[in-house]
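The next part holds the structures, each set out as structure tokens.
Heads up, the next two complexes both have subunit A, just with different partners, subunit B and then subunit C.
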Partner chain A sequence: MSADLEHFGSADLKRSGAAIELRGLTKTYGSSQAVRGVDLTIEPGEFMTFLGPSGSGKTTTLNMIAGFVPPTSGDILVDDEPLNAVPPHRREMGMVFQGYALFPHLSVWDNIEFPLRQRKIPKAERRELVRTAVRTVQLEGFERRRPAQLSGGQQQRVAFARAIVYRPPVLLMDEPLGALDKKLREALQEEIREIHRKVGTTFLYVTHDQEEALTLSDRIAVYDDGRIVQVGTAKELYERPQSLFVAQFLGESTLLRGVVHPDDRGRLHAGAYGIPLPGGHTVRGDAVVVIRPERLRLSAEQPAPGRAGVPVTVRDETYLGHSRKLTVELPGGSTGLVREGPGTASGLRVGDTGFATWDPAMAAVVPDK
Partner chain B sequence: MSRRIPLKIFGALVALWLVAPTLVVIPLSFTGQRSLAFPPERWSLRWYETFFSDSRWVADLLNSLQIGALVGVLATVAGTAASYALTRGRFRGRGAVGALLIAPMLVPTVVFGVGVYALFLQLRLVGTFTGFLIAHTVLALPFVIIPVSSVLSRFDTTLERAAAICGASRGRAFFSVTLPVIAPGLLSGFMFAFVTSFDEVVVSMFISSPYLETLPVRMYSSIQRDVDPTIAAAATLIICFTSALIAIALLAQSRRRRVS
Partner chain C sequence: MTAPSPGTRPGRPARPADRRAGRQADRARGRSATAVERAPGSRHWLLIVPTALLVLAGFGYPVATIVVRSVTQPEPGLQNFSWLLHDATALEVLGRTLVVAAVATLITLVLGYPYAYLMTVSGPALRGLLMLAVLMPFWTSLMVRVFAWVIILQDHGVLNTVLDALGLGRTQLLGTTTGVLIGMCQILMPFMVLPLFNAMRSIDRRLVQAGMICGAPPWKAFWRVFVPLSLPGVFAGSLMVFILSLGFYITPAVLGSPRQELLPNALYTQISELLNWGRGGALAVALLLTAGVLLAVTAWVSKRVTGKSAQVTGGLEL
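And then the complex of A and B:
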């Protein structure tokens, strides 16, 4: 898609993204609550991803923003204008649907031109805009084809071109890459990021794929059971999860369960061990220390002063080329994960015992649910 | 593969059994005799000549074509609107309304004819063009509602959402996206509606008058008066015409299926 992005970047065509604010957004179907009071501010031009398991309310939120689903209560504001009474066709948003939703009776060209026709844009300008969009998604030569004559990846590009052709200030995407194979997905992720950088549109992206969310987004809102449980950058969510759900949903980790006593907040009491905690946390009672695999080091000796550590037995080893991943047995019988790079290789083998150590400041502590 | 051959033979026999009585009419229409004896001993086109030179036969053919075409349009428009309401609407009594609209197909035609006759006498619609349109449209509605409801219920409503977010109002989305996608269903609905009206005889007998009758009515009364092979010529024309229509509809549908 990169070949022709300067067309989208040029100042006269560029329309900057809109700010979106969700206030107490709620959707109830009968007795079940799909979305329970979502509050969120999205900056103009931001790439925001709604991440969560299926049924967690992320798509319902997106459909309320698009205007397909009326909120039970709460407000949606775009550039401080409430949208509640505005029907979808007046919301000036672009959307890429999960199954692409291309019009089967129209050619690629007519599909992409559709939004321009609805806006009564003059013919010459329409042709120019469609041509630019076709070039942007690299579908030259396919203009006369019907959607059914295209591959999944090509259909996805048509859907994308149709959504951006009129340069909406907000682009909504509902699992747009879900139906594609991994390699194509990664290539298109790169292109989506590139387009986002150039057009300045606010992107709202729904996915259940944590890797996709980490790769694409400026910020991620993690959904669980109709609520946003944490909002932050990929780094914040990965390194400072505020709940066990977020820690487990994003990436792998080693979990150490125990209790934080109110009069000894610096330690997690886990059986016979007192595990030092990062400073500044507010967790009390049943708690879990979360350590990412690359933050753990294995060694045959006791941890150095200032490092935390527990005795472990190496149970399994996976060689990954540039690194190796080790599964270790922790004191309580549960398992932990260690990733060793070239500089941190310990030389421990399967069956060996030693210590897993880490810098307490690089671990997170969250309440045990 | 070989196990399917007996099945094919059986299918062909059933098909033949179904259409054979109809096909007998075709050679009969080319007879040179004055009776409907089968097989004909001499061949001639004289009964076609009789048909087309008799102004009453031609007038009734034109009546049937006009009424059939208008009924096709009326039933397709009303039936599509009804199907849309029945598949998308969420209102009380939806099932009852659906059953009511399908009822003309289930109620015995004679019963329906008596009812329509009594009603039309009061409304002074007997023997009128409007009367034929109304009665035939009601009869044809189920034949539109069934295929159109079926394509509508398979229609992916995300397409309408896509049209909406692209800037199309509900009406525009319907006409520019929904309607073209369900067009094959509409086409077969139209064909069925046309044919329903074109060969309807029972209700038409009730509501026709000496001044306005349709081709099937004329055929029916002519065969009661005199056994004249003109009726075979008329029947052959009807068979060719309706077969052509249905062939066109099927062709259009299979082409569409290949494209999409």
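And then the complex of A and C:
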């Protein structure tokens, strides 16, 4: 998609992204609450992803921003203008739907031209804009085809072109890559990022795929049961999850359960072990220490001073080429995950006992549910 | 396929496995291939033999007889068609029949389109009720329905009483083409609504949303996206209603007037009362040709407009 992005950058119509603010956004269907008081500020030009399991309210939030679903309460502001009373066709947003929602009775060209016709853009200019969009998504030669005559990936490109052709300040995407196979998905992720870098539009992306969210986004809002449970960069969410849900939804981890006593906040008491915690946390009572697999080291010896450690037994080993993944049994019977790279190989084998050690500052502590 | 690999027994004719491979190759080359895998030597076609015989004997033979009689009675020649094309009354009847059929099609379309749309967007309870109302005419005998209309439409009937009460004055409905049209439209409604509903419910509702987010106001998104996609249903329903209208006999006979005869009634008069099989045949052939030409034209237009052939059977997929 990168071939003609310069056209987008230089075009007169180019607008920079808009800021979006959600205030107490709530949607209730009968007695069930789909979205429960979402507050979020999205910066102009930001790539924001709503990540969460299905039914967690992320798509409902997107549909409220698009104007398809009226909020039960709360406000949506775009560049500080409240949108509540604005119908979808005047919101000036682009949208890529799940399953694309291309107009089956129109050709690729007419699909992409549709938003421009609605805006009464003169014919010559329309032609230029459509041509640029077609080039951007590399669909030259397919202009006369109907959507049904295209592959899934090509349809996705048409949907994308239709959504960006009028350079909306906000682009909404609802699981746009959900129907594609893994290879194609990865290729298109690259292209979406590339376009985001060049056009300056605010991107709002909904997905349940955590890898996709980590790859694409500037920031991620993690949804659970109608609420945003944490907002942050991929790194923040991965390394500093604030809840067990976020820790478990994004990536793999080893969990150590115990109690933090109010008078001894530096340690997690887990059975006979006192596990040192990272400084500055605010968790009290039942708590879980979350350690990512690559932060754990295995060794036959006791942990060095300054490192935390628990005795483990290696139960399983998976060779992954660039690394080795080991499943270990922790005290108390639960399992942990260790990823060893070439520099951190321990030499322990299945059945061996030893210690799993980590730097307490690299672990996170979250309240136990 | 567990058969040994091809070539173990040279000279043998292609086995199914080989043929299937060939078909896949065809598909890869973009040529159309049959979707249904047929077993070799299948005799499934025998299943349609009884129906085919019935259609031939019960439909093909009489139609052929009529066509033959139209050019052989009372003597061989085209005099019956010459009469049809030069007789003012015959032409008037033909013209009136076409106009009545066209108007009935238009009325059922105008009434049926919003009705079918409501069925598409409503919840299951309301949809069930609407469907019941559409299908009701199917569960009542045609004669009962027509005579019910006589009672409603007569000069001192329900409709005229209401019109009078509203200060609009009484108007003659029974024995007029208007009365015939009212009765026909009620009877034909399901044939319009069902294909429309069938076409509409297969339309992805998010397409209209996509139209709106692209900047089209709701009515325009509906007009530019939903309506074009519902056209196959419009064609199927209109075609069905129009062709059925051409053949209406009982309704015009009871609700209409002999002075404003429609073609099937004229046909009946020619054959049953005047025993003029030749002229009756010519009228029948005219009816058949009109329907045939219309089918062909609609199929062609439908294909041009929607890229699909008209789903004439659409309403029957219930």
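Here is the rule we use: the second predicted complex is superposed on the first by the 367 of 369 C-alpha atoms of A that agree within 3 Å, B and C clash if a C-alpha of one lies under 4 Å from a C-alpha of the other, contacts with A are read in each partner's own complex, and residues count from 1 in each chain.
Keep this in mind: contacts are C-beta pairs under 8 Å (C-beta built on N, C-alpha and C of every residue); 3 or more make two chains touch, one makes a residue touch a chain.
The structure presented is a predicted model; accordingly, all values stated were derived computationally and were not measured.
S.K.: Based on the superposed arrangement around subunit A, label subunit B with subunit C as either clash or fit.
M.R.: clash
S.K.: Would you sort A:118 into first (subunit B), second (subunit C), both or neither based on which partner it touches?
M.R.: After superposition on chain A, A:118 lies in contact with both partners, subunit B and subunit C.
S.K.: After superposition on the shared chain, which partner residues are touched by A:97: those of subunit B (first), subunit C (second), both, or neither?
M.R.: both
S.K.: Look at A:126 in the shared chain and tell me whether it touches subunit B only, subunit C only, both, or neither; answer first, second, both or neither.
M.R.: neither
S.K.: Looking at the overlay, does A:219 come into contact with subunit B only (first), subunit C only (second), both, or neither?
M.R.: Neither partner.
S.K.: In the superposed arrangement, what residues of subunit A touch both subunit B and subunit C?
M.R.: 66-68, 87-95, 97, 99, 101-105, 114-115, 118-119, 146, 162, 166, 172
S.K.: Within the complex, which stretch of subunit B touches subunit A?
M.R.: Touch residues, subunit B against subunit A: 156, 158-159, 161-170, 172-173, 176-177, 180-181, 183, 259-260.
S.K.: For subunit A, which residues are in contact with subunit B within the complex?
M.R.: The touching residues are 66-68, 87-95, 97, 99, 101-105, 114-115, 118-119, 146, 148, 162, 166, 172.
S.K.: Where on subunit A is subunit C touching in the complex?
M.R.: So the residues of subunit A in touch with subunit C come to 66-68, 87-95, 97, 99, 101-105, 114-115, 118-119, 146, 162, 166, 172.
S.K.: Using the touch rule from the top, collect the residues of subunit C that touch subunit A in their complex.
M.R.: Going through subunit C, the ones touching subunit A are 204, 206-207, 209-218, 220-221, 224-225, 228-229, 306-307.
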